[in-house]
Each structure stands twice: as structure tokens, then as C-alpha cells.
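I have a structure here, written as C-alpha cells, and I will follow up with some questions on it.
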């Protein structure tokens, strides 16, 4: 019944799972009913803080009859099977990105998703950031005319461990994928991908044949061009900027300040403290909004939750970027 | 016992009382035990949302034996009696500013406060704003050298109703008092006050012989000068800025943006959305921090809660400003 | 004949005289015909660079028959006599501020100036700064509604030598006078002056009973209030800001950057190089515009050159500020 | 003799030729001796203002024996022959970019340039912009560590006439070429070029098979990546920004403001007037500095004037970008 809080099963209690648990506890429309992690101590710690029955077995969550939806925040390799299980159980799922690193596995699941009617949403949290969402809405309202160039800067504060890089699927599938979805948030119909990657500072990337620095260029069917600049490190803190250029002007999203204070001295004027450190701070509001929007999707209300197809499209673009960067060609894509 | 949440009695459930009720509910160190308002429906609405026993009689709160502290958010005229009752009951109190509009009543209570040993704190919330507190700490750390000039801009979004003006005690006691305390947050020992007031736009102020625009200048015993600029209205939203000038530089607090987005067009570049609307948004963090600091005071831990004497000093300065603006003289003050 | 370049006699070849000489050389509407300084080597150096006949005797300039106007940039004590001499010779004069440190001497000259019909202009260069002039024009056009508060920050990079302070007439007549004129540029009819001064860092000011830090508050007949903040030093460079507040918004003039470059690092973001050093850089455009406007005055064209009366009004306000700061009273003034 | 002003022959008196003529007149180290344009009225207008002997025949300039250097500001198609003539006459030349639209013609001249010893410089004026030059110097000094990503935004205010597009050589050779040189100013050894172009708004570009919007990505031998964003139009005025990213931080060049004034209202805060309109305003200082540096080159002093080889390298990169955008491949280049 839709006016009761939605009972959630949380699968995966790592850093991002904990964020979602806190959101569920804070949102009067949601409760945390089950908490699952093969590392059961992690699940227990979350349940102690935010409530819920603990298990190390995801199938127990689906079988419990006590969850209205699941949030899948487990390792990427488990996503496809968990989504399949959710569909089997008829339970809507919000799954963290990416669906999988292998497009073949994603495509294999696609018909099931399409035919099932079970709501499956993807965790592209940045779509729910108030600043990005506002720029998109203002662009859509024609404030700068037809979008001609979209520029996204996205740099993490520090490179992940080499062991993470080894299984990450590479910078495009692991990191750029968020920006590729952001590109599609503004321009869904991307038709061409070109990418260039370099390895200039990170031993982990070098060891595993990955890039630590990448620039990706996309063309939309409208002719608009998207530029994405990525780096695995950033001295200034989490660097998350966006700029939409059109015939009537430019809308920009600046980095998020941590203070209203600036200092001017004989050597530097108007200097401000560094930006927010990383995604948990920068996108705190976005995670909460993402959850609210998924609740609307589950309840059959109008919702802008990113879909399984959005997740698949982002992976297709990441694959194309990887190929472009490796083979030095531009890659035509068909997302339809 | 100090590790239990502090049980609060909230007296007064208007706008600011509701803010404190929400803070108490959100802070694991506090609970809302009793809620009091002569307008008992207001108290009940707060209790329904955040818990607590409802009453329309403050003496019931003090007699309940169920509160470890009270928060006084009732009309100004009731503050002195309620503080006296709290002291009588041996219950620490956090009282909204100002203590009273009549310094004689404040002075009459002073010996009782001093001799009682019951912690009495004043609700000068802005001291707890992260930006102002950071500038003060950086000034204290010598980052700009000895403070020579402090400039405070403080303008409300819109003039209050004429009926409010009638009983407000005038702009200096009602509005500037916050800025006078902010001045003392940086420079406690103010020795001279000069003020100029004008009535340029507000019919309510004109009707009741009040000013709608005022500039107050203070001198500290160190020789440092403070400038305070007030207006009862502000088209750009709540205008709350501060600038500390010293021999080595300037620390500035900017207005709080509501968005990271800016727009550049053919007519205006780098334009941003308006600032936060008013104090509930601008000082949300400060109210929570103020409560935490008062809890520390009640628990006998080191605390920076503003004291009854701080409240008295601000009122003395407001009285001096009022006299200066009316009599066109600078007024020497002794806060000691 | 008005289409020929105006032939100037320059009296005084110190720092500011040299600025004017360069302006005259660069402006096709003016030429430097005579250069006068009792320190004749100074005059010769200027003439070598920009042309003109050299003399150490101002009366030779007036008697030469070769100048259409004089620019008086000699020490303040000589201004009244030189203006009188210019009027006697029927030669228009642009005189640096202040007219004199003694209002009695200014008043004594006033009837002569008024009856003579010889154009006498005062060198309040800041009126010609594009930023200040733009704000004034936009205020006059109603962009922010009726002006309610004008805030001027004016700080020199470093205190002058003690010997200069000794003969300067004090901070109000020497330094604030520029800001007092700026106040009158926006609000000509000032009716009340209140000032507070402190001596917090400068031994020279202390030695000569002057202030190094001052805040001046003015009231206009409209009720609008003006705040002026002065300091004899400024670590960040020449600090020259202005802010006009009205019911519809705020117009601000920022300090002048020296570069388009900013640096963001792990400790400071968006830090920029210091501001322009002092008035020669900051007001370079203003000096040239001031000269052009005076040429228009001399030629009988519509001109906004500040008048002898403007110079007198600024001195009256400075005197009132000095008295207010010393006697701790607000001072009513009548500029009419 | 090097202490005399350098006597210049100016060939071409269009918009950019006039800028150089004014620079020559203003710089005490240079004089304008000859002015040449087949449209002799243009040459005469320049000579009337800034001096010099007028001719419609460039060979007369070289034969005059009265010029120490030439500045070639004639149409692109004439550059190669004029440089050849200058070398033949043993007269140093500063030639506007590009050398030619056909790399074969440039390469044919290369051996002559190399063996002649006659100083030939290219007019990449942006290298002399104080902001860009400052960032480059600070990067070179290690302020942000090794450069990892350089981002250049370069947009003209409005598309040129279709007739200009027809003979321009395309956006990469005509417009991007400046940015390609800027990339090489920071990272001379570019090894790979990838570009994407679109035609989204300009009928002239569409008519002539050109792009109006382009994104170019370069890789340097160090692995650093460069992103260039171009558009043939820009509502906000001339959009010229640069951002250098390294492991220790970011150096940014902002657009050039036209005023120190900002306006805050109920709908937009901190809005500023539009940026400088186009290159004549934005790069006024750069043109003068470019000329001074060329004088140093001619006099055999240490000079940073861009060379013929720099001009050739930029054209090679533009050709590679054109090919990349057309054939959808990344293009390896060898500039050595």
C-alpha cells in the first residue's frame, strides 16, 4: 500500500551502501527492513545503526516477503544476478552503476528486464544533484538556446589502490561512466565516441594497462559535442564541474565550496578553502533525491529514475571510449 | 547523569522554538521532554512531531522533575521571569535574545544569575555559524595580525509588520543587537558607541518613531573600530556579511549561495541565483551547534556558550546606540 | 580657438604633476606649453619628456600669454594664491584637492571665484573612474531604486612619512576628503557628519595627534546614509571599493585585479594575485578622463568637472568629521 | 645601429595591420617608415595617422633601403612570397599567422628560411598575453607540478561572412591554429591529434563544408593531454579561457572583464557586464609585447618570438585535426 513507508532490502553494506542506509533512515517514506552482506559483520553494523534484519544471503531478502524494494550496492560482478533475482521475485530494484563490466551479460538480461514490468533503476546519482539538474532544466527551458557544447570535468581526489584498478574494468567503465550518463542526461542520443587516454602519474594504472588521465569526446545526433575530462587525482579536492554552451549563453556548475570565508593578503587575494573532498559530501543531497525518485518509480508515480537501458547505454559508450582510446579511431554507436 | 540525553523543556513554540525542537530531535545528546506554550495548540503541534509532554503553563515544566534544561523561546517580555524561575528551580536555561528591552530589569536579575551558579546561556546563534566562527578563530590565531577594523553588514529580507515594530524596542535592540554581540565576539571590550539612523522606506518604522536603516560605529579598548550596517529590507535576500581587516590582510564572509550554478549571457556574465532567504536557512547549522554547546555548558564541560553577561552587554550597547542616534552624540560605555 | 589643442601651464611637477603631464602629451586636445616648479630640475625633467617652456616662477606662466589653462599640482598651501592668480589672469585652472586646509582661506576666495566667471575645477579624479561613474549613472537611472546606503572603503597601501602627516591637515582633510567628495558625487546634499578615529599602528600618526584608522558616517538630506572606512595602510594593495544599496538591489565596485590568473591548490582555491598597488595605476584612466572633462569646461561645453564649490564642500565635511572624531558629537552641516 | 628606433615596413593595412601601426607609433623603439597596400587608400590612411611612405607595391618596400624589418599583415595567400622576398632582401619579417593554408608551400620555403639566417617570426600574439604567459611561466616553474591536462576554450563572438569561410581553409587552419600554437607554447612536442567537428548553427559553414563547432584533443610526448573547444560564435563576447591542471593544482585564466562593477538583485546576484568584445581589445597588450619581442629578435637579443617552424607546426596540427575530424581517426604527427 503506497502510503506506508517502502520497506527496503539493502544488499551490500560498503561505503555506498551505508550512504543509502542513512538516507532510508532519514526519509519518512522509507524504512530499512533487511540488510545483507556476505561479510555479515558489515551488515550487522548497519542494522545496529539504522535497523533491519541481518543476513549474509541475498536470497533470504528476496524470500522474506518483508521487502517492497531492494537496493543493490554489492560488487559490480554480482549486479546482473541480483537484478535477475529481483525480477524473478517481482521486487523492484535500484542498482548501483555499472550494471556489469561485460556488455554481453547486460544484453543477455535486457529482454527479461523489458518484458518483466518490474521497475529496475540505475544509481546514476549525479542526475539528482541540484546544480546539474537545474542546468539541465534551464537548458531544456531554452535559456541558452539549443545546446551546442557540453563540457564536463570530473576528477577524483586520489587514485584508487592498484588492486581496485585491476578489477575496475578501466577508467572509462569505472569512472567516466558517470560522466557518460551525465552527457546522456543532457543529450540522450549519442552517435559517436572518441577518446584519448594517458598514464602519466599512477603506478597502479600503469601496472594494469589502464589510463589515469582521459579525455572523451561525444557527438549527439543533434550535432552537439560533449567533452569529458577525467583524472584519477585532483589536488584541489573532488573536481566536479559542468558547462553548457548555447547560442544565447553559458550555464556553469562550479565546484562546491566548503566555506563562505575568503582571505586576501599581500600575496594572494580572495583565496578560499579547498572544495568538498569527495562524492559522499558533494552528492549527499543527490543520494537522498535519488532514493525519493526511486520510491516514486516503485509506487507507479511519474519518475525520472535512470533505467536499466540508461545503464546499458552508459556501458556501451564506455566500451566505445575504451576502444577509441586503444585503437585511435572514433567509434560510431547506436544506443537505440 | 551526563551520558544520557539531556531532557529539554521548550518554552515557546513559535518559529524559533520550532527550530530548536527540530534540533533537539536530531541531536542524539538531547530529547524534547516538555513543550510549553500559552497557545497550547502550538505546543501540541510541536510535541506531535518531536515528542514531549504538552502544557500551557511554564511552572509545570520547572516542577515536572523531568527536564534537565529549558530553552526559552517565548516573547521577550517573559524572558526575565522565566530565567528567574529556572534559577529558582536550579534548571539551566538557554534563552533567546534579547534578555529584555529594559536594562533595569536585566540589571535587577544580574546578582541572582551571578550568585546562583545555574548555567544561563544566551541565544546569540551567529557565534556558532561556521564562517563567522572560522574568521574569529583565524583572527585569534594571528592570520591577519591585530584586528583594526571589523565591518558587519546585516540586512533582513523585509521589514516586519508595524505591530511588531511597535513592541520591538527599536531597530538597535531588536536587530542590531545580534551584530553588537558579533562585534563583542571579536572585540569583547567595547568602550564607545556612535550610531546614525534614518527612516527612508518603511511606513511601520515611521509610524512608531523607529529607524529602518542604521549605521553603528563602535570602538574597542584596543582602538579597533567596528562598523555595522543595518537595513530592515534587502532585495537580494538575507544579507549577512562580515569583513575583518588587519595589518596582514582581510578575512571576508560572503553571503550564502543557494546554488553552484551561474549564467553568462550577452547582457550579464557570471550571474548567480539569489542568496538564502532568511535566518532559518542561513543559520541552520548555527542553531544546531548552539544547542550542542549549551549541552556542554550544562554538563560542566568547557563551553563557549554566550552568557547572561553577554546578553546584558549587547543590550547596553543597543541602548547606547539608540541614545547616540537620537541625541547625535557618541556614547562612552563601560561593559565591565 | 577651440579646435586647437589647449595649451597648458603645469604648476608643480611632483608625482601627480607628472601624471598630468603624461596625460596632456597623450591627449590630442592638449599640449604642455609651460612647466613650472620652484625645484626647477623637476620642471626641466618633465619638459624634456613632454615638451614645454621651463620656469621656477608661476607668475611667468600666467604672464606668458601662451597658456589657455593651468593645472595646479603644487603643494596645498599654494593653491589659494595660485587660483587667485589664475582668476586675475583670466586663465581657467584645474586645481588638485584640497583647495586649502583652512576653510577660512577658501571662503575668502569664494566670492572672487563666483563673480569672476573664470572656470575653476577641482581634481577629484575618482569621479572619472569608469566603475564609480558607471555605478552613479546606474543609480541615477533607477536601477536599484532610491539610494539608501552608500559604503566606501578607501585604504592606502602604506602610511606616509611622519613629516608628511605633520603638515597633512589630518586624515580627514588629507585622505577622507576624496571619499567625502565621492559621497557627494552620489548624494550632494550632506546634512550631518559623524566620525570616529583611532591610532592603532602608525607611529607618525601618533606623534602628530592624527588618526591612522577612521570611520565616517554621513547623512544626506534624503535620509540616505554613507559609511566611509579609511586606513593608512593595506596589505592587499590599494583598497578602493564602493557599494550602493537600494530597495531593488546592490551595485558594487570591486578592487582592480592585476591579472586574469587564479591558482587552486590543496590549501587555497581560486587565489588571485594582489590588487593594483596605488592610485597611479588604479586611477590612470580617471586622470585622463578628468583632463578631457576640464578641456570641455574651458571650451564652454557641457562638463561635469567638479567645481570650486565641490572642493569647499569636501573641506567643510572633512572639518566636520575632524570635529566629530575629536569632540565625540555628530555635526550638522549646511553645504548650500 | 641597435639604439636607433627600428624602421618598419608595414605590408597590409587591414584591421590587424592598423593595430600593428598603432603599436609601432606608440613604441619608442620602433617607427613606421613605409606603408604598403594594393588598396593604396588604406595605406594612405594609416600613413596619415602614424607616418611612413606610402606604396601599393611591396617590392618598393624591400628595395627602399629605409626599412630594418617588415611586418606582413596581408592576406594569407601572399605570406610565403613575401617571406621569401624578405629573406631575399635580407630583411627580418614578422608575419601574421598562418604562413599558408598549404603545408607543401610552407615546406618548400622551409630550407630557405633555415639556411638564410634572416630572422622570421610568426604573429602568434596570444603567447604574449600577460595571463597566458604568466600561467606558462608558473607551470614551467613547477607551481602545479608536471602538466597533465591543458584545457583551452576559444570562441569568437560571431561567425565570419560565408565568403570568408570559403577561403579560410576551414575552422582548424583559420581559428584553431591559434589554440594549437598555444598548446605548443606549453607542450611543444605534440604527437597525436584527434578532432571532432559539427555544423550546428552557421549557414556559411554549412554551405562551404566547414564546421562551426569543434573539439580538438592533442597528446604530447610527455603523455599530457590538451583539450581545445572552439565555436564560431559566443553570446558572452570573446571567450578566451585556459586551464592548466597538474598534480599540485590548477592555474586558470578567466575571461577579461570590462568593468569592476557587479549588480545583485532579487533575481540575479553578482552579475557583471559582458566580457571584452574581440581580439583587438582582449589582446591589445599582447600585440604590443609581440612587437617588442620581435625588435629584440631583430637586434640579436634573446627573444621568445615564435618562429617559422612554430608556424609550420601549427599548420601541421591543423591539417591533422582536419583529417581526424573528417576521417574519424586519431592522427599521429611528427613535428620534429
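Each chain carries a letter (A, B, C and D) given by its place in the written order, and its residues are counted from 1.
In this text, a contact is a pair of C-beta atoms (placed from the backbone, for glycine too) under 8 Å apart; a residue touches a chain by one contact, two chains touch by 3 or more.
Treat the numbers as computed from the prediction; the structure is a model and nothing was measured.
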Between the pairs A-D and A-C, the one where more C-beta pairs touch: A-D
Candidate from A-C, B-C or A-B with the same interface as B-D, over half of contact pairs in common: A-C
Chain A and chain D, separation of their C-alpha mean positions in angstrom: 42
Centre-of-Cα separation between chain C and chain A, whole angstrom: 59
Shared-contact residues (touching 2 or more other chains) in chain B: 144, 235-236, 248-250, 255, 263-266
Of all residues in chain A, those that touch chain C in their complex: 235-237, 255, 257, 263-275
Touch list for chain D against partner chain A, complex: 144, 146, 148-149, 151, 153, 155, 192, 194, 196, 198-201, 213-215, 217, 219, 222-225, 227, 229, 231, 233, 235-236, 239, 245-250, 324, 328-330, 332
Residue ranges of chain C in contact with chain D within the complex: 130-131, 134-135, 138, 143-144, 248-256, 259-266
